[in-house]
Every structure is written in structure tokens, then in C-alpha cells.
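Mind looking over this structure? Questions follow.
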């Protein structure tokens, strides 16, 4: 699998209304937390289809004991690329088959977000995953090029003219990171060679694309992330720099590091080790030091520092576990451990270990619930992206 | 009017000394707060003329019961482009008529900063305002090109060769934001088309130029802001991206968004709604999310985040009222309201509503004066730019 | 001297082991604090040789009463460009003479870091220092070009093709900061003219290169800093802008300022006065206002703001003394004094004077040890880079 294990998928029933709008049933059986619906015609590819905004609105109503409005799903048709009030995150219906043969012959599958994978378990050989994702990206680019002629040339050169995801990404990174003395052709070859020869790099690309798509409500398509997310691009370029570093090609790794910091304002030392399924959201100002380690499925906001203390050479930067969420502007200094599933509030200054599944907030940071019996996070913060639910527990935080 | 209503202007008397230096009288009648003097020959255009440094120095002396020195205004002559001690903000006397016919025939008008407009009320049809401002900018560029041959070519291509402010701005933005795959000609057409067809975009350009010129003591001229202020440039490019977003040209809006974030390190989602008269000072690292709203006449420093909480899709970002000042590095998360005239201290972390005209500081932020009876700001923080006067009231802040 | 006064150098004895590995003795006599060993063959140039990682490990062991292992120095041979565990900062042995004639004929000199100079006192006419450093940089570039053909062309154009450090730096800055309207040739001439005509600018370049090399464990060579450190490059470009500002070439200074802010995300007003031996580590997001002053031998991390209060024009920004360390994300506002040898913790918000040799932390910042009897820093924070040793004294900071 791409990232973590995948739950057994539970088919749910649905009921067609008119046209391509329909009403899904069985959502109550999906368990706690956020999830996505996937649409699958028998024998065909699985198409991700986010019902998140609708479902969350419904659950909010349930909590407040208001009448729920499952019929509102009728409003979500294949043509509703963005929702009607023009403010909510996009409802992605791309790839929805236009000649919907018989909805009762199709299957809607519900996948909790914390374990969602693209595509589904059982068919996840990495080559197939990449091919599926690349097909999606090309379809998105074709759609955008058709609807926006001003972008057609741009989309052709960055996506549509390429035969694979790694070629597209290498071309795009080469163009972004080149300078008058560090040519784009050199960088293109460098990236392509790294991605082509290393399946784990490609798997990380896929996992990171998925992380942005699933966790960031503002991420409207995979191609949006591929082309526009500086955090995603900086992270992939870093992965290549890290590979060069480990191959003892350090001057080249450092030159790449410098370009990434100049172009994206994301400063990750090439020796830093970063897991898969990482979302660097917004990403401007992120600084990650030489001996830092980041686990899998973490979400790290902009202006976050994983810094050294400067006192001692050697191993001197934070070690961040799996599923950690680090809020905007948090500063974590020294060789400290941030446990699996921990959450660091925005603007916090952390200088000491944070136990697994706890939340640290403030300057200096303290554990929500106190150090004796800290509150334990129920979900995976790096995936749920819940930045503020600790407010009610944060001492006397009321203004 | 450009921004807010404009007070009735009170003519004040003045007394000529030698040459073009003179002494203004009647400043006591100008009311509280900062203000600017404008020089107006009968029947001619109004020329803004900042006495701010002098006036503030005098008021400081008054508060401390020292003898005031109104005669020091003699030092401000038309040739004193920068003041004599080489450290104060520039005294802008550009456009001051060289053939000053008779000072007693002229009129000095005093306009409180919080309502200042360029030019004055009653003659503010938007076309005339733009024409006046464009004339100023070209005059500044001619002066600079003459005094600095190394910049002549640069100023010619960016300002002097253009027939209007929107052409100059479109050219400059196109050059700044282009890449090898997103051509400057495409961007130029895009910007020019947007500015040419939308008077409200042009009015926002004028209001933002004025905001920088009036509020930032380091802003020495309109052309300085137009050419060099990444916050100004990012904001204007955002306004175009926002227009594209509303025209359902979203892939293009997002591509522009990405370039703005790369080039200026200013990350404003194209769906965010931003008022007029906005100063993004320094601007590096500003992050503003999809459903954020910012009112008019706000000043927002660098590294400010108006972020989501990640918990819920839909409307999830802060709503900032009019006249708000947000200090450097402040982080505001969630769909919270920052009331009109509120002030957020530098480095604050704000997760809950801040009432109008109050000041929130700290991590987590609290209201100065307490939540029961918070202190009320007397001036408009977004325009007075007073970042630190709350110190004496901020609990036991003494180091 | 390059930066501050230089201690009398104490020769220490050493004992050869096998090959080029040897054991230094007499380290106990070097005084407190960090220091570097320099290797000097009689009559030849001095070669800097960092023992820092080893010495610190040994001192750590001493503190913990573990047996020290001076023999571990054996592991540091001329071929150990990076240390064996692949994680520690590089042990730089470049330039170490391969035909080591007789170690007992050579001399090891020990120079405390806080006063270290390159090369040693007594031979430090600035021309010789620059020549030595330029020789080092070219040797490093040759080594890297040989080991990494992909970088050969880049290193040739940026370093190896140039006849002096100022030509190389001017070329590199011109390339980094140019745009389609501000040509690299113009900028090259501008930089070269400034560096060539002003020995103090060149001395600052040398002092800043040394500062990065000595204080930043991740800085593996002088050429690494010269080519890749945006903080170093932004600072040198600022020094030229500052010179232009003082020559009344202010529009040009401001244009340069703007480019530096765009390209490096480092925003230093050209009027700000900055001493020598400055390390801007990571540097992204640094903002330094018009009337700010920074002394010598300071270390300033990324996202640091030396800002105005906006209330008053004129002198309105912080005054930072010598040897100050300012941690990541610290915000210092207003015309306040940060005394010599003071330390500002990461994420602190400082609005009031900080006395010399004290440490201020938190939001709002307070003095470690209390305002009556604040703890006094023993070392020079700007050079020791100790960001976190105050933790145990910081009230009840335990999470």
C-alpha cells in the first residue's frame, strides 16, 4: 500500500434521483472520522469522489440536533465542479463517467480518510498506482487546457507533452529550479535519473500528491498540487537532493538545496530524512536542519522550524514521529522527540520531548491536559488537520 | 472617494520665511491623530506634502512640556528630499511647484490621516485620481532616471515608456511573475485586460499605493511602492487572480496564485476577498486562506497567517474587519471575526473572535484590559500603525 | 584584524600517531568556550582545522564523568571529509599538506572561537587574508568540480573563471539578483565597483564567510557559504545597497533592496547599519527596518524581525549590540537596545531594552533569572550559538 494499511472497504447502497444526481445511503456505517466515497463501475477503475463537505455539514447538523438534509446531495451533480455558494472547497467529480450506464450497477465504496489509498487495496502494485494517477493528472490537464486556452501551452509543456509522471515532474522542477548558471537540462536529467531509477522516490511522489489531495480542502486536483504546490515541489526536489547526499554527491546536493531555498523559500538540509505522505501546506519559510527526521503521514504548516540548538555538532535536530501535525510558525529546537500522533499548536516553541498522541501548545509549549495526565489525541493529527480543537482545554484561553 | 469618507478640509494659515521654506500655523486645529498637509494653488491640483515627522516631534515635545519649535519647519525646503540627519523618513516635496508665485495666494489644507484621500474630496472622480497619481509616478521616475543613469533603462521600461498606470503595472507584474513556461506576454495581456476593464481594480491600486505612502515612513515615493513593494505587487496580482476565480477561470487563477507565492513569498488564495487601502508591509511569508475576508484600510505585517483549522471544509478562515492592524508573525486561525478597528499584537496566536476596537496580544492571545472591560483603541490601528502602545497595559510586561 | 581583537595564540604540543592522524595535547589550556585548532608549518600559511566536534564530545564526557577518549582524534584523518557516521558536521581538512614533512616541526595553534581570525594575528593584512581565503575557495571548487562533473560548468562560471573573490561574488550576486529589466551586467559592474573600491566591504565579506564557517556546523566549506547561503549573499548585497544609500543613490539602493527581498526573502532596508562577522542562518523571512543597527559578531536566525512600531517616524528600530544571538522567529520592535552579548530566545516578542549579557525569552519576553538579578551569559551567544541552555532556568518550562 501507499501509506499505512487500508481498511476493508464497505460497499454502501445508494439511490438514484434524477439525471446524474443521487443520494447515498449507509453513511452511518462508515465509522468515526472523515471519509471519502469512491465510485466504482464493475471492472473499471475506481474514481475518487469527495463527499466530505456534504458529510461534514450533515454531521454538524446531527450534533446540533437539526434536521439533516441528505437530499442536498442532489445538488452535487457531475457538472458542479465547484459548489454553488462559491466558497466551499471544490467537489471533485472529475472522471465521473458521463455515460453513467446504470447507477444500480455501480458501487460506492467508503474509505475512511485516515487510511484512504488511491486506488484501492488489492490492486495497488506501485506501477499501477502511478499509471492511474498519471492518467488522472493528464485528464485534469486536458480539461483545464480546453476550458482555459491561456493555459493550454503551459499545460502542454508541463504535463500533456510528457509520457509519465516522473518526466513531467522532472521537467517542471528543472524549470523551476534552474538558473543562468545551473541549467534546466542538467536538472531535468538529474531529476529524471533519480525518479526513474528509484521506485521509492516515485512512491513518495504518489503518497505526497495523495496527502495534499486528501488533507487540504483547497487542493482541487492532483495536477493543481503537481504544478502549483511549492511544498510538494520542494519536498520532491529534497528527496532527490537527499539521494545525492547519500551517494556522496554532496556539493551537488547542497547546490540543489540552495536553489530550493531560493525559489520556494523552503530550506530542508539534504541530509534530513523525510517519510512519505507528507503535506507541507503553504510551505513558505519551512526550515529543517541536517539531522532532523520526519516520519510518515505528517502535515507541517508554513514557517515551521525543526532547528538545532547550535551548542553541539552531530545529531542535533528534532525527530518527528508518524502522523504528527505541526501548526504554522511552530519552532522545535534540538534533538527532541515528537511522538507518533502528536500535535504541535501554531506558534508554539518546543524544546523538550512531546509524548505520542499528546498536544503541545504555547511559548514555551506545554501539554494540553497537563504533564501528568495529558489529553490523548483520538485521531491522527497529521491526517485530520485539526488545528484548534484543543482550545477548550487550553487553560483559560478565552478572549 | 477612494477609501472611507473625507473630512471637511480646514484651511490653515501659513507664513512664508525665505525662499521656499515656510512656517505653517493652525496645526492645533487639526484634531487628534496624525495628519498630512496638502498644498493647493488656487485652481490647480492638490499636492500632498507630509509634515508628519515634524508634527509628531512637536507633539512629543508638547506632551513632555518641552518648548516646541515650530520654526524647525524652516528646515523643510523643497530641496530637502531626505531630511538632514539622513535617518528620518523622507520628506516628500515632489511636485512642489518650483515657480511658487505667492505663498500667500496658496492654501495649505490639513487632512487627518485616517480619512486622507488623494486628491481631495469633491474632485475625486476616479479617472482624475488615477491621472494625477500616474503623473506623480512619472515625475518621480524622471527625477530618478536623471539622478541615477544606472536606473534609466529600468525606469524607462517599467514606467516611462508606458501611457498609463495600468500598463506600467501590468508590464511590471508580467515580468516579475513570468516563467519559462508562463510567458510574460500572456501575463501582461491578462493583467492589462483585467485592469482596463474593471475600474474597481484600478481604484484599489490607487488606494493601496496611497496606503503604503501614507502609513509606511520608509515609503519615499509612489514609484518606490509601485516598483519595489512585494506586498503591493502581490496584492494587485491577487486582485486579478480573484477576478479570474470569480469568472470561473480557476486553473488560471491558481497558476497565478502559485507564481505569486513563488516570486513574492506571499500566499493568498485567489478566492480570498480583500478590501481596498491595504498595506502588506514587508509581506514575506503572508498566508491567507481560501475563505478569508479582509476589510478596507487594514495594515498587515509580514509572516501573518489567516489560516483554516483544517477540521471542516467550507467557510473556515478569519474574517477581518475594517481598519485592523495585524502585527508581524501573528497567526489567526479558523472562522473567527476580528472586529473593525481591532489590533493584533506581533507574534500573537488568535483562535477566537476579537471584538471591535480592542487589542489582542500574546500566545494564546488575550485582550488588553481583560475580557470584561477591554481597553478600546481610540484611533484606527490599521492606519495609525501603532504596534506597541499597549505595552504599559499588557499585564506585567517588563523585562 | 578581521573581527574584534585576537588573543595571543598559544602553541600547544601534539603527538603523532600513525599516518596523518595525530593526537593534540594541551587543549585544557585553551580556556573556556569553543575553539579551533590551526595547523601551521613554519613559514607557510595557516590552515584552519576544526576539532570542534571532537572537543565538545570530550567535554561532554568530562561533565558526565565518563572516561574521555582523546585517542578518538585518530579517526580524524585527512581523508575523512565527512565523518564516519555520516551525520555529524563535516571535519574540514582541506588544504592539509599531503606531504606532511614532520609533524614535530609543525605547530598547532589553538584559537578560541570568539576571537578566531583567519589567518592568524600578525599576518592579517587584509590583502593577505583575502588572498588566502580566495585560494581556499578555489581549491574547494576545484575539488568539487573534479568529484562532480555535473557541477563543473557551474563552478567554473561562478568561481574558477574569476581572478578574485570580489569578482566571483559580484558575478554570483549579479546573476542571482538580475531580472529581465535589471540586467546582470549592470549589477555585476555595480557590485564589483563597490567591492573593489572599499576594503571594508571586502573585510566584511571575509568576516561573514568566517562566521558561517565557524558557527554553523552545517557549513562544510567556504565555497558552500559563498555559493549557497542566501543569508550571506543577501547580507553582502545589502552592504553594497547601504553604500549606495549613503552615496545618495537611493533609488538604486531601493531597487537592489527590492530584488534582495524577492530573490532571497531577506528584507533589509538599505539604510540599516550592520556590523561584520554576521551570520544570517537560513535567513528566509528576516526583516530589518530602516533605522536598525546591528553590531559585530552577531548571529541572527531566520524569520527574525527588527521592526518599527509605526507610531513615530525617525529613529524607530532596534539597536543590537555586539555578539548577540537572536533565535528563529524572534520579533523585536521599536527603538530598543539589545545589549552586547545578549540572547533572544526563538519565538520571543521583545518590546523593551534587554541588558547586556542577559537572555530574554517568551511572548512577551522576560529575562531569564528575573529582572532584578537576571542570569548573565558567560560566553558570547552570537558566537556560541547556544539556543536552548536557558531551558532549565526558564520558569517552569517542562512539558
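So that you can tell them apart, the chains are marked A, B and C in the order they are listed, and the count of residues begins at 1 in each.
Quick note on the criterion: contacts are C-beta pairs under 8 Å (C-beta built on N, C-alpha and C of every residue); 3 or more make two chains touch, one makes a residue touch a chain.
What you see is a predicted model, and the numbers here were worked out from it, not measured in a lab.
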Copies chain A and chain B - rotation angle from C-alpha fit, nearest 5 degrees: 120
Classification of the chain B:chain C interface as same or different, half of numbers criterion: different
Whole-Å gap between the CA centroids of chain B and chain C: 36
Of all residues in chain B, the ones touching two or more other chains: 265, 284-285, 303, 329, 347, 363
In the complex, chain C residues that touch chain B: 179-183, 186, 190, 246, 248-252, 254-255, 257-258, 261-262, 265, 267, 269, 271, 284-285, 287, 289-291, 303, 305, 307-316, 329, 331, 333-334, 347, 349-354, 360, 363-367, 371
Residues on chain C engaged by chain A in the complex (per definition of touch): 52-53, 56-57, 60, 82, 86-89, 144, 147-148, 150-151, 153-154, 157-158, 175-176, 178, 184, 215, 217-218, 220, 224, 227-230, 263-265, 282, 284-285, 299, 301-303, 325, 327-329, 345-348, 361-363, 384-389, 391, 394, 397-399
